[in-house]
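Following this line, the structures themselves.
Next, two complexes with chain A in common: one pairs it with chain B, the other with chain C.
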Partner chain A sequence: MSAPRLLEVSGLTKSFPVKTGLLQRTKGQVHAVTDVSFGLERGRTIGIVGESGSGKSTLAKCIVRLYPPTAGRISFRGEDIAFMTERRLRADVRARVQMIFQDPYSSLNPRHTLLSIVDEPLRVHHRLSAVERGYRVDTVLERVGLDPAFRRRRPHEFSGGQRQRIAIARALVLNPDLLVADEPVSALDVSIQAQIVTLMQDLQEELGLAYIFISHDLSVVRAIADTVIVLYLGRIMEVAPADRLFACFAHPYTEALLSAVPVVRTDDTKGPPRIILSGDQPDATDPPAGCVFHTRCPYARDRCRNEVPAVRSLPDQDEGHRLACHFPLTGQS
Partner chain B sequence: MRRRNSNLVIGLSIVGLLALMTLVSLVYTPHDINEMHREHRFEGPSARFWLGTDNFGRDVFSRVMHGGRTAFFVGSTAVAIGLVAGTMIGGIAGYAGSWIDEVFMRVMDGLLAFPGLIMALMVIAIAGPGTFNTALAIGIMSVPTISRIARSGVLQFKSMDFVQAARTIGVRPAAILVRHILPNVVSSLVIAGSVAFAAAILSEAGLSYLGLGVQPPTPSWGRMLREAQGHFLRSPWFTLAPGFAITLMVLGFYMISNGVRDALDVRGHHL
Partner chain C sequence: MSGAPSTRVSLLEVRDLRTWFGPEATPVRAVDGVSFTLERRQTVAIVGESGCGKSVTGLSLMGLVPAGGRIAGGAVRLDGTDLIGLDHGEMTRIRGRRLSMVFQEPMTSLNPLMTVGEQIEEMLRYHLSLSRRQAVERSVELLDAVGFSRPKRLLGEYPHRLSGGMRQRVMIAMALSCEPELLIADEPTTALDVTIQAQVLELLRRLAAQVDTAVLLITHDLAVVSEVADHVYVMYAGLVVESAPTRVLFSKPLHPYTQGLLACVTSISESKRRLRPIRGTVPPPDALPPGCRFAPRCPHAFARCPSAVPGLVEVEAGHQVRCYLHPGGTA
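What follows is the complex of A and B.
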């Protein structure tokens, strides 16, 4: 029997009830994430891309169990944590799964010092002396590129990039197995983004961390992810190894996303035409029947309007490339 | 350049002076507060009796000084009760949410529906009059308002990322509330507390005026007003002195609350 994968998500679904009126009757459901399955090995990175409202953050928050999912399994180190009680999560899971948030201005308590922010996980999970904790804090601060001399300062005295380093230090101080990063660089300047991404890559190599890296920025995901999941309206559209996805995507939605990435050209050649999707993402309380993308898909046919496409691998492709489309694109360069 | 916070400066000066006067009364008053100078009843201010004398010939200034003790004791006890109970109820309701929030806040709404003084009268009817019971009654009166302020502050911070981060670290809910959320709500609570202090002084005066608050022989500004009302035309000083003391104290605390609000730039907590 082989060792279980670090993380195995299957059939994960999360919907939020919409309550209205005096009696708070449930009027409907927001289907934030529907039937998402994927696996993640130690030391690897999964990138999750999609536009705003595609369920990226909800997916992240289900995996770190800030929300309980509505249905599905989240197998972490061989154990299903999807419906684990908060008490057991604290005892067995919290120290091993950490999260980094998008906005480093709201993810750090403004009243705490750098030391108490990074020290808190140690106080919660380990019985260590103050000296031992201070030593560990200094080590991790140096590792993420912060001067331990700043340990008495408060978050407002740091820049955005430094704050994100603090958040990374807080996440790393317990030596977790899995780090879920929800748009960790989106709030930062481009030059700082590169620093943070490089730091995360170095840390992964050194510590064997697994990442779930969420972003709407395809070039950032391409730089860091081994596998990329394309999410639309809470459903997986396409999954593929990163280099493969960017080279031979087969889903019309992926095509549209990639055509929106600006490319600098030094010669006069024209790139492929930009595909501009019409309309907005449909309302998640009432997703379209059939393929959820059919309302905006330039290639949609009758079958797409009636039948939900399953996530399956292409006949002549390797198993790592799966997509949910009745009429996959072929012959991409 | 920082703008001078005159509200805070004046408020603190007024309350500071009254507090100083009260502290001095612990060791020295110009006359014994219960000594009756029969031959000097209803006198106006003089070198001997700075604020005149009352209907028994007692020195009004000494009694006003001593009355400060009652005012500060009732005010601080009531505010302490209100802040502790209100923060606990509002904090738990706001953080726990769902039905716990519903139950706690509907009970608070119920308390709020009674006029405060009626509530206080009920408490005194059950517990009996007296200085501590007056403070208890007034403290209970202030719980609904303070718990609402605590709850709204907790709700504001509960959804913030640093609270979510604390959860993913594995911090227990009680520790999240105490270590992460409440320190951010303290500024609103300080303002609520100083407003409640002013209101407590007024309520104490009101209850004592009705004869249900602080009992003789302890001097209280409210009861001095009651004793003086029959003699207002004959001896206005006797009425004006405690009335002025009450006004100053309430004004001082309101100015402190406004000053703290300006200093912390916390908006939207007008009571």
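What follows is the complex of A and C.
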């Protein structure tokens, strides 16, 4: 039997109760993530794209177990961590799965120095001498491109790009297997975005890290991901190897999402016609019946309004291209 | 076509604008001598990273320089009238009426205590002296034009009840309510999802054409610029470093900063790959390097670069660049 995959998520579901009134009675459920399944190998990157409210961040927080999932399995290195106790998570999982966030301004403690921010995970997870910790902190700071001479500085003395480097250093100091990055470059300027993406690519090559890279920016995901998941209202609409997804997408939502992305043009050619989706995403407390995308889908038919499409692979191929649509688009590629 | 530029007055002419902050003796020069022109019905973009002075430029045009700052020199002529010398009352009549602005974060520019209807009606009644009933009718038309399916119901809503995309559309409806000659849009789609961004850009394009409004788009997003702008000014550390018609700028960028920005742009049509980032960051305006301000980050920098700020020279009609690698022109 071959070694287990680094991460295997199956049927992951997370809903939050909506409480109202004095007695905090549960009025309904926000279905943030519904029945999400995918796998990830060591050293690879899976990109998760979708609009705000699509459940990207909730999915990430379930995987790192910042949220307990409502149902499903999260198999990490062959062990199901979906409902593992906090005590066991700390002993076996926390150091191996790290997360970085969009806003490096609010995710770093403003009163701590660079040294104590990066040193803290070592103090929590390992019994090392101060000298050893100092050595490891300096090594990781240099690795992410920060001058160890700045170790007495506090977060406000760094730029946005440098703060994201600090967040990466703090995550890496424990030698994790998996780094979950939730919109890590969305708050940064293009030139700094490129610096951080390049740093993440270098680190992956060197250390064999696996990434879950979450972004609403499809072009950034294209630059870094091996596989892409398209999420809408907490459900997988389509998942495929990146090159295949961007060239041969078959889900109407993927089509609309890709057509909305502005493209740098150096001549007067026009891209494919833009599909402007009408309206906003439906309310996740009361998702539409049938296919959740049918209310905005330009091709919706009766069956879409009544029957939930399962996530399945396309009949003619098995490269891990799966989608949830009764009437997949044809004619690309 | 541009043989005799002085025969007609441009809609907007900015000459050597300087917006400085801090003490007189050691000013922080956020905008340090920026010049550009905008013709009627044109869309012109100012691009650059944060800290380049693009937003301060926009605010200076509106007469809304943040506290601690001042316009230290230059001219801003709207249809021939210099806006810089105007007093508060005169500027208030122009702002919103002939010149309006849309900001990145609509939540901070809408009044949270007033309904959408009250905010739009206030503008219409102040600037156009409409009656209450006329103002309500016009508000409904405007909200309909920006794509709301039930505009009447929206009049009574408060901003916090709306999504980001809806708020931005309300802002655009307000900004266009008096059919201004010039709309300044500062990162109007940066906080929005791509699908909503596409809606908003389409809307700006359509409305600008319908009401003959010129648009000054301030953004760091080069892809958006390439889709909507006619002409682009690239700013770096308070200065325009390159200016060209959009197609020319994207097919033949001359300034190493412009080339660097374009190399950083990710695209959905290119497979997983290595990006080529520009090293370093924008210098803060209180610690500018000597000479060319981009030199410390420039892969082509040579001995002359730190000597003095290079002049902006015209290398061909309509294409200007501020770089010692292109010493052509008259400088």
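Just so it is clear, the second predicted complex is superposed on the first by the 331 of 333 C-alpha atoms of A that agree within 3 Å, B and C clash if a C-alpha of one lies under 4 Å from a C-alpha of the other, contacts with A are read in each partner's own complex, and residues count from 1 in each chain.
By our rule, contacts are C-beta pairs under 8 Å (C-beta built on N, C-alpha and C of every residue); 3 or more make two chains touch, one makes a residue touch a chain.
These numbers come from a predicted model, not from an experiment.
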| field | Room on chain A for both chain B and chain C (clash or fit) | value | fit
| Of the two partner chains, chain B (first) and chain C (second), which one does A:D138 touch, if any: first, second, both, or neither? | neither
| So, A:H125: does it touch chain B (first), chain C (second), both, or neither? | first
| field | Partner chain in contact with A:P262 - chain B first, chain C second, else both or neither | value | second
| After lining up the shared chain so the two structures overlap, which partner does A:I224 touch, if you call chain B first and chain C second: first, second, both or neither? | second
| More chain A residues in contact - chain B or chain C | C
| If you stack the two complexes on chain A, which partner ends up touching A:E8: first (chain B), second (chain C), both, or neither? | neither
| query | How wide is the angle at the Cα centre of chain A, looking out to the Cα centres of chain B and chain C, in steps of 10 degrees? | reply | 80
| note | Rounded to whole Å, the nearest C-alpha atoms of chain B and chain C in the superposition sit apart by 11
| Contact footprint of chain A on chain B as seen in their complex | 160-162, 164-172, 180, 183-184
| field | Contacting residues of chain A [partner chain C, same complex] | value | 51-52, 159, 161, 189-195, 197-198, 201, 216-220, 222-226, 242-243, 246, 256-268, 274, 276-277, 279-280
| said: So in the complex, the part of chain C that touches chain A is made up of which residues? | reply: 49-50, 149, 163-166, 193-199, 201-202, 220-224, 226-227, 247, 250-251, 260-279, 281-282
| Which residues of chain A touch chain B in the complex? | 61, 64, 66, 89-90, 94-95, 97-99, 101-103, 106-111, 120-121, 124-125, 167, 170, 174
